[in-house]
Structures are given as C-alpha cells and as structure tokens.
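Below, chain A partners chain B and then partners chain C, in two separate complexes.
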Partner chain A sequence: MKSLRTQTRLANLFVIPYGMSFVVFIICPIVFAAVLAFTQLDLTSRQHVHFVGFDNFREALKDPYFVQATQVTCLYSVLIVPAFVILSFGLALGLQGMAFGRNTVRGMLFLPGMFNVVVASIIWRWFYDGEFGFFNYLLKREGLTPIHWLGEKTLALPSIVVMSLWWGLGGATIILLAALEQVPIHLYEAAMIDGATSRKLLTKITIPQMRPVLLFIVVTSTIGAFQVFGQTFMMTNGGPDRSTTGLVQLIYDTAFNKYRLGYAASISWLLFFMISVIIIAQALLLRRSID
Partner chain B sequence: MRINFLSVLFVICLVLTGVKLFSGGGSLVSRKTEVSFWNGWTGPDGIAMLEVIRQFNEENPDIEVSMQRMAWDTYYNKLMVSAMSGRGPQVFVIHASTLPRMVRAGYVGDVSDLFGPSTGISPSDFESKVLDQVKFGNQMVGVPLDIHPQGLYCNRDLFVAAGLTNPDGSPKPPTTKDEFIADIRKLQKIGPTGDHDVWGFSWTFWRNNFMALVPQFHGRYFDENGKPDLINPGNVAALTFMGDLMNHLKLTPPAESNAGWTGFRQKKVAMLFEGVYMVGDLQSLTDFHYFGAQVPKIGDQPGTVGDSHCLCIRADLSPKEREASERFIKYLSKHSLAWAKAGQVPARISIRNSEEFKKLQVQYAYSKEVPYMVYPPRTPLLFELIQEIDQAVERVLRGDMPPKKALEIANGNVASAIERDKQENKT
Partner chain C sequence: MKNRGRIVAFVMMLIAIVFLAPAVLMVFTAFKAPDEVLNPSSAIPHHWTVENFARTLKYSEEAPFAQWLLNSLLISTSVTFLVLFVSSMCAFAIARLKIKNGSRILIVIVASMMIPGQLFLIPVYLMLGWFHWLDTPLALIVPATAGGFGVFMLTQFMRAIPPSLEEAALIDGCSLWGVYSQICLPLCTPALATLGIFTFIGSWNDFLGPLVFMDSVRNYTLPVGIALYQSSYYTEYGKTLATSVLGTAPLVIVYAIFQKRIISSMATTGLKD
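Entry: the complex of A and B
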C-alpha cells in the first residue's frame, strides 16, 4: 500500500498538465490584457507601446460606438435571458410529465446545440432571407406580406434572439430536467396530502428545490448573452445600421480591424466588469427572493 | 522486446527531428526551398491560383510553394500578427488600398529590384496610377497582379426579351444615366399583386456601389491638406442618386431586401454593379447567360472604383527565401492571364492587350474602365473611413437621413479618428 504522501505526489503530477495550461492560456492572457488595457498598443503605429493610464477607459466611456454596443448588448440580454430561462424550465417540466417519447423529444431539443454557431447562423440566415427565405415563403403562401427579418432595425435583434433560443435551449432543458428529477418525490407526496395545488407544488417545492440549478442557468445564460458574437457576426455583421453590433463585435473590430489592442483590451475589461456586477446582483436577488 | 522496439523508434524520431531542425527548414528529401504563400482567395479564384502554383512547382523543382487561403476578414489579422512576430509567410497578397496600413506596420519588404528589364517586370507595363499604389517613398513594396474594378453585370436573356439590343441582335447595355433608368424600367417585371418578379437593377455592396459613383460626380474623400472631405458636393450627389433610385423612383429592391447578387443569379435581377471577381461565381452556373459592361455614366464623367491584389514579401527573408519568393512573384506576374480567367483584369498592359485576354468577355469589358478607374484613398485609416461610409450610405438608403447629414456625421467621425491617430503617432 502506497503512503499518502506518494499518492498526493502522484495526484499532483496528474494535475500539472492542466495547471500549466490554465496558467498559460487563462492566467497569462488575463494579466496581459490587464496590462494592455492601460497601454497604447496599435500594431500599425510608429510609436512603441507606452503606458497611458486610464485614457483608454475614458475614451471608451465617451465613444458613441461603445455606448451603442453596450445598449445593444443589454437589450439582447434583456430579451434572451428571461425567455431562455422560462422556456427551458417550461420544456423541462413538460418533458418530465411525458410518459412516452421523452428521450426522442429530448434528443431533438438537444440536436440544434450540436451545430457550430457558424452552421446554425448560416441555416437561419437562409430561413430569414427577405426574398427567398423559408419564413417568407410560408408568409407568401398564405398571402401575407414578406418580412425583412434581418434587414429591419427593429426586427434584426429579436430575430437573432429567436435563433439563439433555438440553438441554446436544448442544453439548458436537459440540465433542468436532470435537476427536476432530483427533487425528492416525498416532498410532493406530503404536500399533496396537505391539499397543495399544482401551482403551490411548483412555487413552494419545485422552484425552491431547483434554486442552485436555476441560478446556474441564469448566470451562464447572462454571461453568454453579454458575450454574443457568432450569431450577430454571421447573420447581420452588426447591421442594419449597427443595430446588432454588440460589445464583443466592437472589441473584435477594434482589435483586429483597427489593430488598437490597448483600447480593445480596455473595452474587454469594461465588459468583464459589467458582467461581474450583473451576475453578483442576480445571485443576490435570486437568493434573497427564494429565502 | 517491445521496450527495445519503442526505444529504437524514439531514437530514430529524435535523429530525424534533429536533421530536420538543422537542415534550415528545407525539405528533408529534396532540400527544396519552401515558400509559403498566403491570400484570401477562397472561391473559384483560389482553385485557378492552385493550378498556376502547381505549374510553377513543376517548372521549378528547387522550390516548393504551398498556398494557404483564408477569408479576407480574418486573413489580414492573421497576416499582421504572424508577420510582425517573424512567422509570417514569405509571399502574401495585400490589396493596394490596405497597403498604407500594412506598410506602416513595418513588415512589408522592398521589392524595387523586381522592376526592371532584366526581371521581366517592366514599370512601363503598368499604368502609373497602378504602380503608384505600391510606391512608398523610394520603395516599391509589391507587384500589382491584377486590377478589379466595379462594373455592370447584365442578364443577357432579360435584355434580349426586353428588346434592349443592337441592330445585330446583341444585347445593348446602358451607357448614360437616361438610358440606365429607361432600361431599368424596361427590364423590370411587376406581377399582378404589384410585387416585382424581376427587378431591373439592384444595389449590391452599398459602399462599393457608392465609391464607384463618387468619381463620376468629382467626389473625393480627403482634401488637399489630408483633412476628410466627405461632404463635398460630388459625394452628396452620388449618394443622393443612390437614395433616389431606391426610395423615390422605387427602381431597386428596398433597403431591407438582400436581393442583390443572389437575385441576379436567380434571374430575378437584370443588372447590378459588382466587382469583376464575381464572374467566377457565374462561370459555374449552367443555363445562365450574362455579359459585362462598364458602369454607365451617371454623373458628369465616366468613373468607377477598383483595387489591386499586390504580391508582397516579408522584409526579413533570408537571401535564399528571397530569391525563391522573387522567382515565384515574377512567374505569377508573367502568368497573370491564367489568373485573369478566374475573374480578374491583369495589371500588366501587355497581357491585357493579348488576343487571349480579349476573348474573356466580362474581364475585357471591365478592363476598359481602367483609364478612368480610381483606387480608394491612400490612408492607414481606411477601415475607419469605410466603416463611416458604410453607415452613411446605409442611413440614406434606409431613408433615415438625408445624404448631406449622413455624410456630415461620417466626416466628423473620420476627422476624430485621424486626430486620434495623429496624436498616437506623434514622434
């Protein structure tokens, strides 16, 4: 029998590869980006990298494109996160109640999430096509006026939200379904003996029991919403008239089209700050409301 | 026994790796000089270029050129980052309009020695405006391979059906503003419900369409002092025409539609402005008859916009790599007719004058625009400029703003970007 010290040493050895990759690919870039945010680094500039203090952050707060991208990102999050949580929870409840075909439906729900975001976006771009798209084909067949789903400023973002829901609901539903099945059955039985209604069962047993998982879904979907990029980049490239240009696309344009790495890093940190504040607020609110 | 075998294999791998490392990057077997060639030709043009490269590799057994293609969007990012860290390809393509920014980054090498009677690339074989694009101070930083202007694509069958033909029965493209508008009206087909079954014309890539019209109205982007001048009367007139055609005359699909190129391919759009490079996409279609023509004279003078792919090398190549790279560039320039067939106008006048080139209908028609074609402005802040133009054109075509107001906003934003860049590049 090996000694505890040998076992620990062996365990550490197994952790080293991941630890090294964590330091190299997570910690180092974070530190690098933190330093970068306080410097002026333009790849095409004649000047060397130099420290500029908070100038990049000041510029961002005054930049109309940053303000607009923040508004777009917030609007996208407000539209998608509640819909995402409610729909996936509803689907999970529905699936739990299904006597037959549950696995088939579960598989079908999960299928879209297996597509890469590029593939999913291309498929939906064709669904939404103003002239030749599937949705407008259906509308025309019914004698209705076609809609320019991605071409109109007021419709483009909601259309992307719908696509994102189709793409992402499956994964969250599966997680919630798994959590639902972990709720002890005796709690329901006891409540039903006491005459609890279905609504009471949901609000007093299911939701409180699901609290940690719901919090997880809210937090991850909020982070995902604030980082939206693939869908908007592929489906509208930020248009029409920048109405779908979110913060990550602004960071991408700033860093890789304008080559202003320092300024792009400062926007990244502002995005990180926004996400952190919102996540903490969500966690506190959710915890308090359920307590 | 198994351990011994693995040990021997390990030692062999180690020795081979060592030999490879110390062989200077050349192939282990043939000691060929490897030349990596990057570009953004991901369509049929890339396939044509692969064939040219295959021939080059056959004719030059001491060099092995390998091509890497990626979408232009990501291409410049990867090129910039890899080249600045000394890991970039030996030969790469840069658009003439993007050269100012890339040259300022400092990794594009001087290829002045490629121009001369002994190299086969004579400066007199290019229009001066084409050569000016690769001239930075006393240096030539690239060899222009082609020119790709915006021109007019037309659906031959729709033209003939609308009776827009010459006396010999060949289709007759519009050449003036009046003819252009009259032809759009004749070409469009409106169904009983008022929907367009066929549009006579469609805008495609709005910014490029706008930039094609700007020189026709004597427009410009910067004044003599380098200050942005997007609100000059020529630009306003060009943008007003675009907006009027769409929103007042209702002769193009609405802004929300993306009928453009897809509609043309599906025979639902009869005419549009597009780059010569799109011909490669049409060549793959069967039962589709099209022809190319010059952009009609909408303003006071003929004009269009164009760009060039320039063949460049890294500044820090070894003599051996440089010799191989230059040989490859000379070969591509000499064989640019093969490249032109994929949908380009060769930059070299002698190749444009060849009988074989004249047989390429669209390319030859577009080549007639070269004398009056203009390049985008030479500025390291091209992305900032076109981003603002994109938005101004979009606002007008969507009917959100009058042209002058949209261009004023764009002008202000470009001025701010230039001012910031000036501050950041103070020496």
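Entry: the complex of A and C
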C-alpha cells in the first residue's frame, strides 16, 4: 500500500465532503445545543436572548409537565421492552422450529416494519376507534359495550404499546433468528447425549449463547422506547389528559408550539442523560452476569 | 420430531397472518364505499370501488397528494445518492488510502451515532433558519449526509478488499479518483446497494424532520402531508386508508424487490460486536 500512501495530500481531499457535513451538522449542533440549554431563547417573547446558567434545568426538575412526561416515558418503556424482547425471542424460536415455510413467514413478520409511522398509526387508530373501530365492531357483535381504547387514561398507553409491538417485532425477530442459527450445533448434540430436556437446552445453552444479541435487543429497544414520538403524536397527540405525552413529545411541544427553544434544548439534554445512564447500567449488568 | 416442526410451522403461519391482517384490512377497506366502511359486514368489499383513490388523487390546494409524492421521491433519492457518494469517499480515504488518524476519525464518527436525534433538532432548526433553508428540500437533504452509519459500514467493507487491484491500477498511472470510481466503487456494489436501500427507506419514513422543518403544504413530504391533512377528515376512514395505501405502496415495492437483501443485512446487525 506504500504507493497509495505517498499521495496523502490528495487522499485528504476525499474526506472533505463528508467532513464538512459532519462538522456543520453534527459537531456544531452539539456545541450549539449545549449553549442553548443554558440560554433563555423564547421566540414569542420580546426578551433579549440571555444566559441563565442552570435555570432551565432547575425549572425542568420542578415542572410538573416534565415530571409527568418522564413518568409516561418510563412507564411506556417498562411496558414495551420486556414484551418486545420476550415476544421477538419467542417468534425467532418459532421460526427456527418450522419444518417448512420459514422464509415466507419471516418476510411477512417484517412487512409492518416497512410501514411509515404515520400509516401504521392511521391503521391502528382506525382499529381502536370508539365508534367505527374494528375492535369495537367485534365487541358490539358479541353484544358487549364498546371501549374507547385511545380515550381512556389507563388504556391509551397500553394500546399504543400493542401497536408498536406489531410495528417493530419483525426486525428484532430477524436479528434473533440469525443469532440462533449461529449457536454451535455440537453443544446441543453433546447435551442431548447427556439426556438434557428441551427446556434445559433452552435455559442452559440457547439463552447463555444468545446473551450478547439479547442485550443488543434490550438496549436498542430501550433507546427506541425512550424516544417514542410518532405513534403518540398521531394516535392520541399526547392525550387524554397528557397520559401519553412522552419526553420527545414534550420537547416538540415546548420548542415548536410554545417556541421556548432554550428550555426545550435543556429537556433534550436531560433525555440524553437518562438514555446514557440506562445503557451504561444495562451494559454493566450484562458484564456482571457473564463473569 | 418431524410432526412437531409441522405444528410449529402452522402456528407460525397463523401468527404471520395475524401480523398481515391490519395491512390487508387497510387495502380492502380502501376499496369500499363510504357507507360500507362504517358498517362493515365482511372484510372483503361487496362492491369494489376506486372512489376513495380517485378522491385522494384529485388535485386540491389543501392536499396536493401528487406533489407530496414527488417531494418524497426527490428528497429520498437525493439523500440516498449524496449519502452514498460522500460516505464512500470518506470510507475510501480511511480504509484504502490509510489517511493519518483514520481510525481515530472513525471512532469519533461512530461515537456520534450514539447521540439521540432529538438533541440535534433544535440547533439544526435554528441553523437551517440562518441558511434560509427552512421550508425547502435542502433542509431535509443536506443534514442527512452527516449520518455516520454509511462511513462506518463502508469502511468495514472496504477493509476486506485485497489491495492488489488498486496497486496495479496506480502503477499503470491511474489517478486516485480513477482508483476510487473505477475500481473501489464497483467492488463495493453489494455494500452500496444495502446502504442505499436503508438510506432511502429511512429518509422516506422520516417524520420528525419534515414535520419541524417544512411549513407550507405544497412542500410537505408524503408522511407529513398524510399526517397533517387526515386530521381534518378524521373519521372518513375510507379516504384516509386509501391515502395510506398509496403512501405505502412505493416502499412495499422496494421491499418486494429487495426483500432478500434487506432481511439478510438486518440479520447481521446484531452479530457485529
């Protein structure tokens, strides 16, 4: 490679297009976001833009809307992540156990993942509709009282969880199936000679072998859950009574409906820190369970 | 043992049908007349009608569907080609030309991928305002080229290519640009195709970006257009669903053509550690 390396100066030119984009749209915005978080910048007020130190963060921690949005985000993650991991793992095991038709079913399971969040939400809002919805059509046909799935404070968030599972399970299932196929077959053969039951095979071989991939699914689905926005924006717009207003929805409302950009930036940093803490905690837990 | 595999296969097929049911119901219902949409007696329409589609496609000031479709196509195609071009050049410099501090640069790029997108939303919105790019396609095209995934993925791929072809070309007097465009890129076709498909899908499905950066109705992308317009005919489900079918069709076509590649590259994402 010596002959290639001699042309270093020319070589650097190849980095310039991406490098410029990276500096302008990644580095600058991060620095700028850090400055904004300590700034009062309200597009509606006539106040001058000025530095306010930690005021935005102090305000957030006392703001009942912020506290509630954090609770909603955590509740959503607690509801969806375990279900997501268990169901996608179950589906992957099911796919692996199929005597025929595996590729067709795999393709069908992933198709919802191709849908736009807007379209996926429209379909499910129609399903959940209090009057004309599919679920209530079934209930009414059985002579039961229809339920306002998205209009009840306790039901709205779980209803969105169900829709999100439908939307996202396929991708995780594909990843887990690929990992299942990587588990060395001789491990199973040896255990079977020793007379292991299929439950033992699952708990003593499959799950331990799959641990890194399962962690990958846990981490990515947690990150995704903390950033939930499209579904809640489309299906309930954060309601009823803010019971589905997560942190990203709060950032969006604060920045682009109330035009409090500085305050919204500080909330996005708080969200960033929450996500980081959770990822680090999950990674440490995994490392401990391996040792 | 063999019987068990068959039973599992049937159960999984039932599950797959349940997964597809919402999409199939959407398509069927879009072909129903309004009164049948609200009082369904069966999943399959009694009288098939394209009325919902005709009403969707008819030009109107407040819902220029064809315009949104064109916007989405223009934006997603431009993003895809720009990302391929810019990322492959940077990956070429890091992986093939071994520029100084190349691996350090790559670490910074990969680290930037960990930052959640909302953090960029507000500063980028203000910056696009200064550039006078808000409410123009540029707001959705140019910032999208900064994503690190393409550089990361292509660098990994290019590192596995043996250098002998490129060295031979250089000895024969080929320029660096020639090596990049005539030798490296053709060798990377599979990786470029995968990156291109995922970039296109990602750009097509982007929601928060166009929702925030676009202002006038005729500049919306398809998802944002559908989202904001359907709120005004909330319970006209026939029309809403017809719009959704039309808005999803391009991606389902992409999926039908590239299904194998999409699924096989999804499958490997969890394995790289």
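The rule is short, and it goes like this: the second predicted complex is superposed on the first by the 270 of 291 C-alpha atoms of A that agree within 3 Å, B and C clash if a C-alpha of one lies under 4 Å from a C-alpha of the other, contacts with A are read in each partner's own complex, and residues count from 1 in each chain.
Criterion: a residue touches a chain if its C-beta (ideal position, glycine included) is under 8 Å from a C-beta of that chain, and two chains touch if they have at least 3 such contacts.
These numbers come from a predicted model, not from an experiment.
Of the two partner chains placed around the shared chain by superposition, chain B and chain C are both touched by A:Phe132.
Touch criterion met: A:Asp241 reaches chain B, while chain C stays clear of it. Of the two partner chains, chain C is the only one that A:Pro29 touches; chain B does not reach it. Contacts of A:His148 after superposition: chain B is touched, whereas chain C is not reached.
In the superposed model, A:Phe256 makes contact with both chain B and chain C.
Looking at the shared chain after the overlay, A:Phe38 reaches neither chain B nor chain C.
Comparing chain C and chain B on the residues of chain A they touch gives the larger count to C.
In the superposition on chain A, A:Tyr188 contacts neither chain B nor chain C. Residues 129, 131-132, 256 of chain A contact both chain B in one complex and chain C in the other. Note for the complex: chain B touches chain A at residues 74, 76-77, 80-81, 84, 101-102, 104-105, 253-259, 262-263, 266, 268, 380, 383-384, 387, 391, 394-395, 398, 400, 424-427. Interface residues of chain C, counted against chain A in their complex, comprise 2, 4-6, 8-9, 11-13, 15-17, 19-20, 22-23, 25-26, 29, 37-38, 40, 85-87, 89-90, 92-94, 96-100, 105, 109, 112, 115-127, 142-143, 145-146, 148, 151, 163, 166-167, 170-171, 176, 179-180, 201, 204-205, 207-208, 212, 222-224, 226-227, 230, 235, 237, 240-241, 244, 247-248, 251-252, 254-255, 259, 262-263, 266-271, 273. Within the complex formed with chain C, the chain A residues making contact are 1, 3-5, 7-8, 10-12, 14-15, 17-19, 21-22, 24-26, 28-30, 32-33, 36, 91, 94-95, 97-102, 104-112, 114-119, 122-124, 126-127, 129, 131-132, 134, 137, 166, 170-171, 174-179, 182, 212-213, 216-217, 223, 226-227, 229-230, 233-234, 248, 251-252, 255-256, 261, 264-265, 268-269, 271-272, 275.
Within the complex formed with chain B, the chain A residues making contact are 40, 42-47, 129-132, 148, 151-153, 239-242, 253, 256-259.
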